[in-house]
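Both complexes shown next keep chain A, but they swap its partner, so chain B is in the first and chain C is in the second.
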Partner chain A sequence: METGWRERLLFAPAGAILAGLFAVPLVALFVVSFWSVRSFALRPDFTFASYARVWTDYAGVFGFTLGLALTTAVICAVLGFIFAYGARFHAGRYADGLVLAVIVTLFGGYLVKVYAWKSILGADGIFNSALIGLGVIDQPLPWLIYTPGAVVLTLVHFQLPFSFLPIYASLRNVKTETIEAARDLGASAPQIVARIVLPQCRAGLVAAFAFAFLISAGDYVTPQFLGGPSTTMLGQFIAIEFSTRFNWPGGAAMSFALLAACLAIVGAVWLLVSKRRRT
Partner chain B sequence: MTAMAWLWRALLAGFLVFMLGPILLVILFSFSSNALISFPIGDLTLDWYRALFRNVEFWSALKNSLIIALATGLISTAAGTMAAFALVKFRPAVSGALIGCLSLPVTLPPLLLAVALVVFYVRFLDLPLSLATVIGGHVLIAQPFVALIVLARMANFDYASIDAARDLGATRLQAFTKVVLPQIRAALIGAALIAMAISLDDFIIAVFTLGGGNTLSTFIWGKVRTTLDPSINAIACILLAFTISTTLVALKLTKYRG
Partner chain C sequence: MLETKTGTGLGAPAVDRRKFLQGVSLATLAGAGLLPARRTLAATKASWVGWQGYDDPLKAGTFLADNDIELVTSYINSNEEIITKLQAGGRGQIDLVTIYYGHVPLLVAADLAEPIDESRVPGIGDIFPEFLNVDVLRHDGKLYAVPFTWGTLSMIYDPAAIAAPTSWKDCLKDEVKGKVAMVDDMTGLLATWAPIAVGTQTPTRLTMDQLKASIDYLINIKKNHARTFSPTYGEATDLFARGEVVTSAIGWDAMVGFAGAKGKKLAYVIPEEGAMVFMDTMVIPKDAPNLDVAYKLIGQATSAEGQKVIADNLTQAVITKAALPVIDAKNKEIYQYDNLAKLFERARFYPFWPIEPEGDFVVFDQVLEEYQRFLKA
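Entry: the complex of A and B
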């Protein structure tokens, strides 16, 4: 089909929104990351000082953030696969209901979920009060909240529907006939999963991993509520630079350093997964 | 075989409990006389809702949220639908790349979008932060969902009906309003509702680009940070009622099947 001015005109509003509110602001943020700040005033400049500061002052938090996001993303991809596999092949007539429940939780209150886990895991929360009520313990368990585990648990809960859906979508393309044929030819269940199912949902798995990884790495609400003083993530420092410290170049440099590291890791995972296809 | 089947059932049930459990607890405790989410549950009460409805700040947050959500729904549905109509005409490679570009903002952490928008609005445009600046950010993250929903509807659209209308003398505009629009109306409403759910659910873009006042989500944030006010459960429930009902109606309208 010929694409004329009419189509270009139709695409223009969405394209303009994308350019004006995404591409240009990101470039602006990138430019500001090379600026400097003197007595709370921004100064156009070309210095790498803010990036150097990310390395000298925040290397620890940076590494911790990536590790925590990586853990979350791997758990999301694995659990997402297990549950999507179950929904696709073992849920029977409940499959549609399951998928509906997952979609309903997609936009079902990001902040509400974080708050819910804080209430569940907190010292006066449902776990501790139930265990104390049952007489199992007499003091609240201190390790339930304000730990890396609590942050990962909450991030997984929030990200899992976003991981489930792309994997489920690619599993829908796996034909039951292929699986039955493999079984008839003597393949065991693990063999079928490893050699027929997994290779066909590679794209879905990488998408689930990448999305969970990027979003968790940039989160700051979850660690603020559930991380406590010992578990802090880079996002919290980025937010502080912009909201109270007014050090925009610092926050911008942290944002781009984090984004670059995340994209490098996602790229490495993609290479690793697609390499296995050729051998 | 039956043991395996039971194992899968238990696993999937566990998955559902994990996904829905925390949300159901918040809903349950919004009706409980117990101030915190803890056992024993206490008596049923509507006190938290009554307290909330007497709170002037709640009404202004609700109003702001609804204004932002409605504007996001309208603008992103218009832009996303127009984009979808263009995308079906482009070559598959081009339209695939363009869909990827439109979806990019959704794949990045919202914090990055929020701070980029603040820097751009305040320093480069010298624009005061307001409801309008939030709407801009929300349209950006909602329009790819609209475009994808409308594209999915256009995949099994009967293009011959447009040709027939044009052959019978309808103008392009008439063909659109009398033939195309009635066929895709449900998908458009569904897409607008999803866009509204995305807008209502967002907290990070809203808190950075709002300037003054509150939306429902920043109102919750303020309460969680300062006090352990039990009316948080009630606000959370109202927010959930909005996002979940719009999503459910949207799924029904777009006839989403798995």
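Entry: the complex of A and C
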């Protein structure tokens, strides 16, 4: 059906919001990434110095950030799938309740969860207090907190609902009759998951991965509060460039470099999944 | 005939959309009528930016109510945030900032500060001359910042866990390994450890080699001794309160007060190598929207009442002789107001980093850049 000008006009408000609040600021910041700064004042030059600095000075932090985000995203996608599969096919009438429980956890807020994990994992937290109380240990375990593991744990806790929801939505389209038919034909449970369920929820899995990966890659609060002395992510340096150094070109260059890397990784995952579907 | 769920048969439902909206509107109006009447004259909103706790003097007593001021506060994690806030559109929006004295020349150079009319600052004559006469507060003969408070970046420790340290190097001992608090304070860290690392007497005047060596020293502390790297002194205080750390590689007197509020007793000491004295000032940003209110805020902050709040709440030093009769003896004992020269033998006032080239010494931009290497480590 052809879309007339009236139908196109209906998209105008959404398009205006997208353009005004997303595209225009993004383009403006991209332009600034080629400027320079001196004594807290921007200079509208044209230089690649800020991008070169990302590669020469922050390659290690860049790689660490992507690695930690990848770890978080994979864990979220796996755990999200397990929980969504259980809710869709095994929870019966409790499925809606499980979905509601996941949604309710979103109300907690980001900082609340960060501080909650600080309390749980800290020297006087629940874990250490319980283990000391049971006589398992004499001193608090120092490695529970201020480590990359603590950052991953907190990010997974925060991202999991965002991963669960798209996977669950995809699984809703998987017909139970198909699964029953496969079972009748002798397929085992792992075969049903691998050959019936997973292919039909690929889009949900990729969305789950992308949500968790992109949000984690840009995070800078969790590593500050839970990461320890050597767990620094690129987001922290981006924040410093903007807030402390007024180095907007430097911060913008870091941001766009990270954005490009993230899009490349998500694109690669999508292509991988698509290729498997065609073969 | 089909029965609808309302049992009225085919036809309009008992409550249609129009009636529902009418009912909600009436309920809203009725509810609004029950709300307390708003003041017919709105209070003046004064925008203030600075360190958390520095707004306490302004909230003391009935000052804000008496002057019909609504204080809107914004806390910072670093002094540089104030400059970036003003540069990024804050000019013309902010009435008063509290900033480290060393940054005042940066504000003046960037045309972000209003000159202070000293005749409008009550009690300015009572401010200790050691602080009021610091030359960087003035430019072309005009005062651009009013001293507000000062203190020392001393060594904080948990007296219940360890004996009082005598040297900064005590935090590098094996018995406290992994239990050392360290805070993201570039000037504070370098002012504390550069004299130890490279032997300089003026840690804000370093050559590039000295700066690199100092940063290497700090990296070692961060990687091998610190429990974590706290973004703020408040977070570091939390570490003490939770038993994660027992000593510090850098501290702020106010942490004793912060910890006290959490029920944790801490103590501080100026080690034998000395400690940095800092002074924070009040600056009226250029084009401040409420100039009269800004001067009232300055007057309250430097009054005896306001300064007593700083001394009691933050365990920091007062800036004016007018406050001496009202602060407690413990504060006077720590800060030795009657003999500041003696205190300054171990707690030292350092000039700010050079902003323009000064011989072989690194400039502020270079220090910021090299500090990134420390942060990445």
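As a working rule, the second predicted complex is superposed on the first by the 264 of 279 C-alpha atoms of A that agree within 3 Å, B and C clash if a C-alpha of one lies under 4 Å from a C-alpha of the other, contacts with A are read in each partner's own complex, and residues count from 1 in each chain.
We adopt the following convention: a contact is a pair of C-beta atoms (placed from the backbone, for glycine too) under 8 Å apart; a residue touches a chain by one contact, two chains touch by 3 or more.
Here the structure is a predicted model, which is why all the values come from computation and not from measurement.
In the superposed model, A:D124 makes contact with both chain B and chain C.
Set against each other, chain B and chain C touch different numbers of residues in chain A, with B touching more. Looking at the shared chain after the overlay, A:Y146 reaches chain C, while chain B stays out of its contact range. By the touch criterion defined above, A:S230 lies against chain C but remains apart from chain B after alignment on the C-alpha atoms of chain A.
After overlaying the two complexes on the shared chain, residue contacts for A:F209 are found with neither chain B nor chain C. After overlaying the two complexes on the shared chain, residue contacts for A:F40 are found with chain C alone; chain B is out of touch. After overlaying the two complexes on the shared chain, residue contacts for A:V99 are found with chain B alone; chain C is out of touch. Residue contacts after overlaying the shared chain place A:G109 against chain B, while chain C stays out of touching range. In the superposition on chain A, A:F62 contacts neither chain B nor chain C. Contacts of A:F242 after superposition: both chain B and chain C are touched.
Chain A residues in contact with chain B (one complex) as well as with chain C (other complex) are 124, 225, 242-243.
Residues of chain B that touch chain A in their complex: 4-5, 8-9, 11-12, 15-16, 18-20, 22-23, 25-26, 29, 36-40, 78-80, 82-83, 85-87, 89-91, 94, 98, 101-102, 104-105, 107-113, 115-120, 123-124, 136-137, 139-140, 143, 147, 194, 197-198, 200-204, 208, 217, 220-221, 224, 232, 236, 239-240, 243-244, 247-248, 251, 256-258.
Interface residues of chain A facing chain B in the complex, by the touch rule stated above, are 1, 3, 7-8, 10-15, 17-18, 21-22, 24-26, 28-29, 32, 42, 79, 82-83, 86-87, 90-91, 94-96, 98-113, 115-120, 124-126, 128-130, 133, 157, 160-161, 168, 172, 210-211, 214-215, 217-221, 225, 235, 238-239, 242-243, 248, 251-252, 255, 259.
Listed in rising order, the residues of chain C touching chain A in the complex are 77-78, 80-81, 83-84, 87-88, 106, 109-110, 178, 182, 222-223, 226-229, 231, 235, 242-244, 355, 365, 368, 372, 375-377. The touching residues of chain A, counted against chain C in their complex, run 38-41, 57-58, 60-61, 122-124, 140, 142, 146, 224-225, 227-230, 232, 236-237, 240, 242-246.
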